[in-house]
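Structures follow.
In what comes next, chain A is part of two complexes: it sits with chain B in the first one and with chain C in the second one.
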Partner chain A sequence: MELRRTFLALGGLAMGVLGTGATLNYFEESLPTSLNPLFGETMVDSRAQELVFDRLWYNDAVTNELKSRIVSRHEVAEAGRAIKITLKEGITWHDGTAMTSKDLCFTVKAMLDSGTPSVVAAAYQEFIAGCETQGANQALIRFRKVLPKPRARLGFHILPAHQFDSTAISPDLEFSARPTGTGAFKGARARREVIFDQYSNSHHSPSVMQLQLREGGDPLLQIRTLEGGEVQGIIVVPPGSRADLRASDEVTLKSYDLRSWWFVAVNTSNPALQDKRVRQALNLIIDRTELREYTIGVKPGDRNSPCEFISGPFVQSSPYYNRTVPTVPSANRAKADQLLKSAGLTRVGGRWHVGDQPITLKIGMQSNLNNEATDLLEQVGNQLGDAGFDRQTSKVGADEWSQEVVSGQSDFDLVIGKWSFGLVEAVNDLFHTNGRKNIFGYSDSAVDELLNAYEDAVTDTDQKDAYHKLHARLADELPYLFLWKLDTKSAWRTEVRGNVITPYFYFTEIDSWKVVED
Partner chain B sequence: MVGCACGGADLGEPRAGGNPQTTLPHYRFNEQTERRAEVAANDPSMLLALSEWHLDAAKVAYPQIASALPLLMSSWRLPVDPDAEGALEKDAFAWLFARSVLCSEDMLFLQAVDAAGAGAVTEWADKSPLAAALAPAYNGEKVDREVVLDQSVRLMRQAQAAMVVLSGGEAGHHRPFALFVRLGVLRAGMRMADKAGQYRDAGILRLEALERMEGGKGSVQRDPAFALSVAAWDVNNRSPLRPEDILHNLIPDFPALGAARTPLEALHLRLNRNAAPSTPVH
Partner chain C sequence: MRRWWVRPVVRIGAALMLPFMVPAIITGLIWALPGDPASLICPPSQCKGTQALAERWNLDGGPVQFFSGWLSDAIVLDFGRSWSAFQGMDVGMLLADAIPVTCMLVALGSLWTFTGVFGAATGWINRRLDPLLRTSGMIPVLILALVGAALVDLKYGFGSSGQEGQLARLLIGSAVLGLADGAFAGAVTGTRGLFSRESKQRYVGVAILRGETELANTLPNVTPALVGQIRARLLHLLSGAVVVEVMLKIDGLGDLLWAGTLEQDFGLVLATATLFAFGSALLLLMQAFTEIAVALHVRRSPKVEAA
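Right, the complex of A and B next:
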């Protein structure tokens, strides 16, 4: 068979040349807001911090095996209420200082310090009681309760004690822009980019000399720059560009496993939006099918769509997703009008009023989301406008989003955003009255009860049931209009090899990344 | 033939176009807690019986294929199944359509890898195109996964070029079919790496094959059996997120896969409770 003989003649391989001293330039969704892992608020932050710091334990990107680059031995102690850790010797911080057990305990104490305003740390406060050094490289971390698998819980990044004056760490320190870690790269944030320089250490041996993180911008420009070879990667590829890149021989599309869902958060403190019938009406005004088609390019009936509607705060593939709660793919203006009238709103001159005041909705959107869903803010505004609401729209930069919107200090009525999760899909902080990321201070006692039930659940089934009930409740109460989940894809030029992307953390395996010049 | 009575349930006579008589989940029982919440579970031996039922139904649908089935099904044989022998008759070549093997020698090569290890590539390099592509990736002991990745692209391009020659010009269907060739190299390399004890390298090749397979809208390369095998591999690694996504994407077209949801969700929930804390990130 002629064809088979041709294939059998496939001879030796001309290997490419390993480029030493290679620099990788890549586009990110935005610049990081902080390189201090205690204050990471965005996925950009998480990915950047992964280059600069080591986590005590991490999961292998391929086999999920629990590993550590900095722990040489561990031993469960005190009948499961503590873990004794021996750190590897010879690891240095980026300033040359040796890493010791003092750094590990400092990190724990900083997380426990009430003067450290860190949401990341707050999660560890719930089960870590303290840390004591037991030698230059040994420390004992104590827990508030018996933990069956403590290593899996200890995924925090280690901080250098000598770089801080106290365990009360402020997010405003210079450290957040110019951190010192033990990771494969030393990072420094400039005005328009972040430069990561390789740092040789006993436990890291990256081939890449330098990474340059650039803020993405116009999606078309990002793609052209990638195809032209001026950058080597794009972390989040706009859906509309994926087909072209998939067909390219010079670029490889790669999955980035991340659970993300999009939403419109509703300011329930606004008198016009306090009545849930108004929120339910907004939910019926938003036409998700149209939004998805116009902004992401997914047509109705498209198979294998990267964008799937949701009816609650989980992706549909999650065990927590309540499949009995239907999505609302299309608008229903008649029913929306009915709900608005029953809530006491009146329509005058085509505009909805509360009393004699026309309703103007101030709508904000995380600006980088526009790269994935072009003109989403305008489309949502148009749909609300057509339905009789005046509106003002504005895009919100990453810093303002973190510092004002998520912290509940904005004056928006609606904000469009995206939440991302790893394995743990806990949403308590989003919807609990005391939730640390409860954007508009939403409060509902039944929701609080369900969230507490989730926290207190003894069995897995109880936990799942609590979140199923939560899903149903939130789909009715609608502190958020739940939009969709959108798969995330990255693109890297084919000369970048060994680029295994870790779910959620992305750059955990950066040591194996290399550039091969063909 | 399997008109199986399994676990006390009669699956019914295998018949073309039909489905075995069973209901899922197989068991429902209550937790030993105050709330006595209901838990669902499936019986894996019943699932094996179901797969045998479908195999017998296929034989009923097309009895002429019986002699070629052992070789065609060799990718899915159980360790207790005997090795397939011989080659496919020309009139059975059509069964290779849209598969990641190029000829029956490729299947025999893969069977040899399963039986004798990665070193079988040397013996088959002059008979099997996949073996020819993979021979440079094997140094006698180890499989070089980067070479496998490169060779998968090279063979794909060769196939595409050959199609152009045979067709007298480029056509839109060339690339999708060339992708099958690439997948073939990746999957064969994966099996070699597995047999060579290179679990992680095999994993990287496995995930690369999955990635290349999911080619976007209505991807013709989508192989639910392979995707499911990747999901099972992830579950073995106690990593539930990707399997959940794989299953979720396949279930609309293959509803029977819903059987896997129950235990997978149980795994996720269990892991969730012992995982490092995290908060939602924007």
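Right, the complex of A and C next:
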């Protein structure tokens, strides 16, 4: 084993000397909050963790096929309530220790441990019952119920048991800053950057020697730095900056399929917004075409628009999108006024009132969205102001967003945000009464039933049916005003080749990335 | 005059209490704020383990338990690991890296102050420049720091947070700190005012008639006031360093304090604030010992025999 590792290390070194290995510098939206997969919740976290860890199963970026780099065999057991997994041999952790089934079961037990304060783990606690090792490389994961497609649900990262004292894992362990994984790179966080150093393994042979992640900051500055060649990539390029890069011979714009959609969540607990007709009126007051033009720069009739309106909680290319539900591209003030009056609101001096009180809407927006849609918060505020609503607007930082808004602890009336999904576009957490990301504690029994139907569905068709109905119901109930899907583009210099970008996780195929000197 | 020692003793007492009082007050303040870090990382509505985390971080027994726990660890220089701002990173190491940076920033910034004090005391900086200095001192630190940050980002790009970039940020930051918000202008005009008031004293005129220099006579008498003024200016620089470090992304204590506060990283906030309190305490001690030295020097003067 030692000899094998020595050869692998020499191989990596040789690649570096021959020039195929290189350092890639890239700008991220922010620094990751944690490199421990149990605690990172942002997209930046997911992308960084993908470099350091292996997920049990993942979807191939090109064929969409479910694959695993660490599982050699699997079989469904106990009549669908368990899965028997055999791990590949020869895989080592970044500290040289061999990965075994003990690590797999440790990860499961850590996620199930009530002393592990992890939102990520909570999603797995709902359906995983336990794990049992059956030899060095075999483990049996048991479920709470029969899972129709168990492998698709087992996309968690594996943690090294020997790095922890207990299955109760805390976020403030050194592991969050300097994790040990089985992925293609060893990661180490510093104050202003994260360095990922190549680690060749039996299942990974990356060509890139090192990746350096730094926070991007001003988009213009990022682009100038990319064009100057000092940095090789930008993960998210705002729509307004894409034209410059498109014209460049040295940079390629690449699609990053995030399946993300934008919304305005409505606080249904606010007495003024409890009535569905008020929410429907707000939906008609928002002029999406105008918003899109003023904030993203898409003129009406533009071809190749990066922005596509939606009428429900899925992107239009999703199999779950219900095409019978029309989008609302333009405002209809007359109809909105009619709905507001029918809901019992009165207009006094041009302002809408509930009883004697004028309605003031407190509107928040995830601050980083401003990079992609400049002044969206102000534009939405202006449209509502013109329609007769007083408003207070404020931007919400990344931490406040994840820690207060998403967990339902904010006091906003409207919140502008964006949700991003991988291939699994499960929206149960957003709209179920007990959903973990139910921003304003929205509750509707019919919606809950449809979400449960999706959860319990055995076939793809049943799942689609449930979500199509859900789409129609939400478009009528409007706990969210659905805005649009905005394409996400990355920019990489042309010397970076083979850079297949995996939906959502981005770096899953990092082994194929290489830097070619022109 | 007999009780000359009271003031320095009060200062020494305050200096000794400051490093304990500041974290204690901060603990009280953060306890009064809504929300707690354990619930922010693991909202009870979204995950289990909030209570376990609160216990691990000693947040479950009230502010006194938390503070005494933190203090007993801090005394043996165990500051734990960052909870959220730099999750998993050793707070002691973060502080160890940040202390020299902030010291360097304040030291370079204070060069401007000392130059101003020296220039004004010796008359090297002409009085006619005062209006210009006052005008230039009106530029707020925030504006100058923003301009400085933009310059570094444009010049160094991706490397702006690397070693070269950090050095440039440090140099620009020290200039911003030393010049903005009237730091330099205040040092010049304040010192000049102090000396010109003292120069009008009768004993100075007599001394000049005796052929002695003005500075040699005024200096011992203005020293306590001058040291007090310098302490105030250094404190001003120390607090200004927080703004400069945040705006210019300098890896110092001020930036740590800011990040910790934003993320409710109590351990990081307390440790950083305590270091600032230590800085302030050192300045108080410096003032107290200077006062003692001057008082002893004055009392050491030979007694004039009665005629």
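What we mean here is this: the second predicted complex is superposed on the first by the 409 of 518 C-alpha atoms of A that agree within 3 Å, B and C clash if a C-alpha of one lies under 4 Å from a C-alpha of the other, contacts with A are read in each partner's own complex, and residues count from 1 in each chain.
Quick note on the criterion: a contact is a pair of C-beta atoms (placed from the backbone, for glycine too) under 8 Å apart; a residue touches a chain by one contact, two chains touch by 3 or more.
Here the structure is a predicted model, which means the values were calculated and not measured.
Counted by residues of chain A touched, the larger count belongs to B, out of chain B and chain C.
When the two complexes are overlaid on their common chain A, residue A:404 makes contact with chain C while staying clear of chain B. In the superposed model, A:436 lies in contact with both chain B and chain C.
In the superposition on chain A, A:80 contacts neither chain B nor chain C.
When the two structures are aligned on the shared chain, A:304 is found in touch with chain B, with no touch to chain C. Of the two partner chains placed by superposition, only chain B is touched by A:62; chain C is not. Of the two partner chains placed around the shared chain by superposition, chain B is the only one that A:463 touches, whereas chain C remains out of contact.
In the superposition on chain A, A:119 makes contact with both chain B and chain C. In the superposition on the C-alpha atoms of chain A, the part of chain A touched by chain B in one complex and by chain C in the other spans residues 119, 406, 436-437.
Those residues of chain A whose C-beta lies close enough to touch chain B in the complex are 1, 3-4, 6-10, 12-13, 15, 40-43, 45-46, 57, 59-60, 62-65, 119-120, 123-124, 126-127, 147-149, 152-156, 242-243, 246-247, 253-255, 257, 259, 302-305, 316-319, 366, 401-402, 406, 417-427, 429-430, 436-437, 458-465, 497-498, 500, 503. In the complex of the two chains, the chain C residues touching chain A come out as 35, 38, 40-43, 45-50, 52-53, 56-57, 80-84, 86-90, 94, 97, 153-154, 157-159, 161, 249, 251, 262-263. Residues of chain A that touch chain C in their complex: 25, 27, 33-36, 39, 113-119, 121-122, 125, 168, 170-178, 189, 191-193, 214, 217-218, 221, 224-225, 228, 230-231, 397, 399, 403-404, 406-409, 436-437. Chain B meets chain A in the complex at residues 31, 33, 35, 37-39, 102-103, 105, 125-127, 129, 132-133, 136, 146-147, 149-151, 154-155, 158-159, 162, 166, 175, 199-200, 203-204, 207, 211, 214-219, 222, 234, 237-242, 244-245, 247-249, 264-266, 268-282.
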